[in-house]
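Look for subunit A in each of the two complexes below; its partner is subunit B in the first and subunit C in the second.
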Partner chain A sequence: MLEVAALDVFYGKQQVLRGLNLRVGQGEVVALIGPNAAGKSTTLRVLAGLKKPATGNIALAGRNIGALSTAQRVAGGLVLVPEGRQIFARFTVEDNLLMGAYARRDRDSSRGDLERVFAMFPRLRERREQRAGSMSGGEQQMLAIGRGLMAKPSLMLLDEPTLGLAPIIIDELSNTIHNLATNGITILLAEQNAAMALSCAHRAYVLESGRIVLDGEAAALANAPEVKQMYLGS
Partner chain B sequence: MIQLIIGQLLNGAIVGSLYGIVALGITLTFGITGIVNFALGAFMMLGAYFTWYGYELIGLPYPIAVIVAVLLVATLGLVADLGLFRFTRNNLVNGLLVSIGLISIIEASVLLTWTSTPKDLSYVLPGSLRVGGILLPKIKLAVFAVLLLVIASTYLALTRTWIGRAAFAYAQNPEAAALMGVKTNRLQTIVTVYSTALAGLGGALYASLYSLEPTIGAYYVLKAVESAILAGIGNTIGALVGGIIIGISEGIGSVFLPTAFRDAYGMLFLVLILLFKPSGLLGSK
Partner chain C sequence: MMRFVPLVALACALAAPLFIRSDSTFAIVTFGLLLASLAVSFNLIFGFTGQLSFFHAASFGVAAYITAILVSDYRWNFWLAIGPALATVAMLALVVGAICFRFKLREFYFAVVTMAFSEMIRLVVVNWNSVTNGTLGMTVTAQPTLWSPSGPVALSGARVWYYVALAVLVVTYVVCQRVLASWIGRCFAAIRLNEQLGETLGVNVFLYKLLSFVIGSVLAGLVGCFYGFYTGFIEPQYLSITQSLDIISMVLLGGVSSLFGPVIGGLVLTALPHVIDLTAELRIILYGAILIFVILVMPRGIFGLFERPHHAV
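And now, the complex of A and B:
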């Protein structure tokens, strides 16, 4: 579904991604794990079209999307749920969700899709009229994912969704990701929380200083000594 | 006395709505592009002169002259955006410099072409309506009605349409708006041009009531900034209300207090509001 080849990305003179190759198959949940500043967010931002790579190729469903704008990518089903939620703080929960449908051709009839999001996140239904900025971190994360769902994505990029959440909410989030996958949404999940990411994913890549240093089945990686030592704290 | 107060109320409301729609342009442009576009006053003045030219010199019917003037000003706004403002977005200082430069260019061109001699439109809509013994000039009622209509449709467009919602979303979080699929460059251009068109319309309506001079833009844009501050910067609807409040306090103030100080009454009101509510009349926090 998503093929990334030989991606080089710079911020000024500093090279942040070095020859990155990555593949996400249709219906897969793939994790991208790595320490702070490894380049996880940068990878997702490049995929979403927020940051231009110096070189490299990005193909979605066989089509080269490197030249497309963020808006065109969203319309094509590629949606990023960014790090730190980035919800519209002064909008209500409902307006945030509706904004998620902005890029859809049939956005005028998107109101009906609110129900699907509410079915997945009943808490959002209760808070429908609440200002999004006044919700808890966990609720805001649910909202950010729900808003992403309103775009009817085929590929969803999740950047650090566990950031700042309590363990019990993180479990809830794992369930959510399973749910999304069951609903046929392909997922690329960037996470520092390797334990959570590896438990959700089918496959995973380990990113360090802009390079993929390991990749493979999530279950196998979870047992690899390097990963255990570096990321799982055992 | 009642006649005087009602008359001043109407005057204040009209002048205030003019401040208000320029102020709306100021806040909208600032919220979406990060530019304080002082040149909106100059665009307003251009709208007035174009209307005068179309109506007085070409002999177009007034409504057509207004429409042509607004379209011309909007086109110039588009040119200014694509040629200048696009490069200063989110750069307060450069944006300010460009807008001040634009003011000089526009004012100088108008001075050169039409001199500084004040221009007046011959009666656009003569006569008055008598309501309960009070005389209300038809033209003022018509201008006020058009202003209200434009204000109401802008409000509806901002709150009910996708582009309006996108503007509010963008003002809160530009990157998140882009992630929703908002075409951010186009949004900035649309807002800049719409704001210039509003200012142009303000000028076109102004022309039917008062004398034109190349300097009216500077006066109105200062009042507009005052209104925007009164409302709390970034509060779009508040900017309109702020303008109307200032206009009316000037109008009413000059009934009871010396007219020479009319500019001070709005200011006084502004200072009082800011003393008690530093974030502005309708501002949050």
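And now, the complex of A and C:
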């Protein structure tokens, strides 16, 4: 579904991604784990078209999307749920969700898709007229994912969804990711919380200083000594 | 409930001439309506899109000059002269906006650079004596006419201009409202609240900022077209920073978070100096004090006191 080849990315003179190769298959949940500043967020931003790579190839469903704008990528089914529970705090929950459908060609008929999101996140239905900023952190994260769903994605990029959330909410989030996958949405999950990410994912990549240092089946990686020592704290 | 306030206000405004007796009251209200239109269009850029433009006076002034020059010196029909005036303003706003937004100027950087462009245009007007008559300004004696079955009727008299000003305000208001009620308005709000998130969702931030800036500026130009013919006089002061600051004051006073707030701000701020019955020095002090007081005590403006904040736009 997604093929990334030899991606080099710079911020100014500093190189943050070095020859990155990545593959996400149709229907897979793939985790991208690694320490702070390894380049996880940058990878997702490049995929979403928010940051231009110096060199490299990005193909979605066999089509090169390197030259497409963010809006075109969203319309094509590639949606980023950015880091830090980004929402429009002063919009209502419903307006936040509708904004997620902005880049769709059929956005004016997106109201009907609210139901799909509410079925998945009943809390959002209860709060649909409420200001988004007044909700709890976990609810805001669900809203951010729900907003991503409104774009009718085939591939969803989740950037650090567990950041700052309570353990019980993180469990809920794992269920959500599982649900998304069951609904046929392919997922690339960037996480510092390696335990959670590896438990959700089929496969995983370990990113350090802009380079993939390890990759493989999530279950196998969870048992790899390097990963255990560095990321799972045992 | 609050949705009906503009309609009720319009009904009152239409009936008001039945109760207004003096020409001076008409003059104050007419000025108030024209300046309120400026404030409404400014708020599309400032309150709704979050960009503090100092270009508004320039748009207003340029359109005033072009219409007056075309009508006085080239004998154009007033209504036809509006076309080139607004087209010029649109072009200027497009160029200035494109430069500012391409370089991603935000907040004070945007304010300062638009101010510089505005000053540049004012200096051209001041120094282009052969066309603009420089610092002395231009007297506009021609009167726009309206077609009627019994021949053209000149727009003159306090009552007629009151309705002209009201029409300008209604046009401005309705254009802004239609824009804000669409996806365009949602995108403006998205840019104001969280530009990066907007970009992530696929909003073309550059394009929508430019759109807001151009629409707002052209509407300011529309007011300019009429303003000169109402006062009968045009001077470079129209394009000054003070003029832009007056507009900002009106919007802050009335309330930034609604379309209707600036209408109140424009009317109140125009009427205030005339209502204060004191000597000139004391009047300006009291005027300033009231303005400061309102902004300190009512950060959401006069109209902000009454509205219930809830929707995106």
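Quick note on the criterion: the second predicted complex is superposed on the first by the 234 of 234 C-alpha atoms of A that agree within 3 Å, B and C clash if a C-alpha of one lies under 4 Å from a C-alpha of the other, contacts with A are read in each partner's own complex, and residues count from 1 in each chain.
In this text, a residue touches a chain if its C-beta (ideal position, glycine included) is under 8 Å from a C-beta of that chain, and two chains touch if they have at least 3 such contacts.
Keep in mind that this is a model prediction, so the values were computed, not measured.
Steric overlap between subunit B and subunit C is present once the structures are superposed on subunit A.
By the touch criterion stated above, A:F10 is placed in contact with neither subunit B nor subunit C.
In the superposition on chain A, A:T92 makes contact with subunit C only, not with subunit B. In the superposition on chain A, A:A71 makes contact with both subunit B and subunit C.
In the superposed pair of complexes, A:R131 makes contact with subunit C only, with no contact to subunit B.
Residues 48, 50, 69-71, 74-75, 80, 82, 86-91, 95, 98-100, 102-103, 107, 147, 151 of subunit A lie in contact with subunit B in one complex and with subunit C in the other. Within the complex, the subunit A residues that touch subunit C are 48, 50, 69-75, 80, 82, 86-92, 95, 98-100, 102-103, 107, 129, 131, 147, 151.
Listed in rising order, the residues of subunit A touching subunit B in the complex are 48, 50, 69-71, 74-75, 79-80, 82, 86-91, 95, 98-100, 102-103, 107, 147, 151.
Within the complex formed with subunit A, the residues of subunit C that make contact are 183, 186-187, 189-190, 193-194, 196-197, 199-204, 309-312.
Those residues of subunit B that touch subunit A in the complex are listed here as 162, 165-166, 168-169, 172-173, 175-183.
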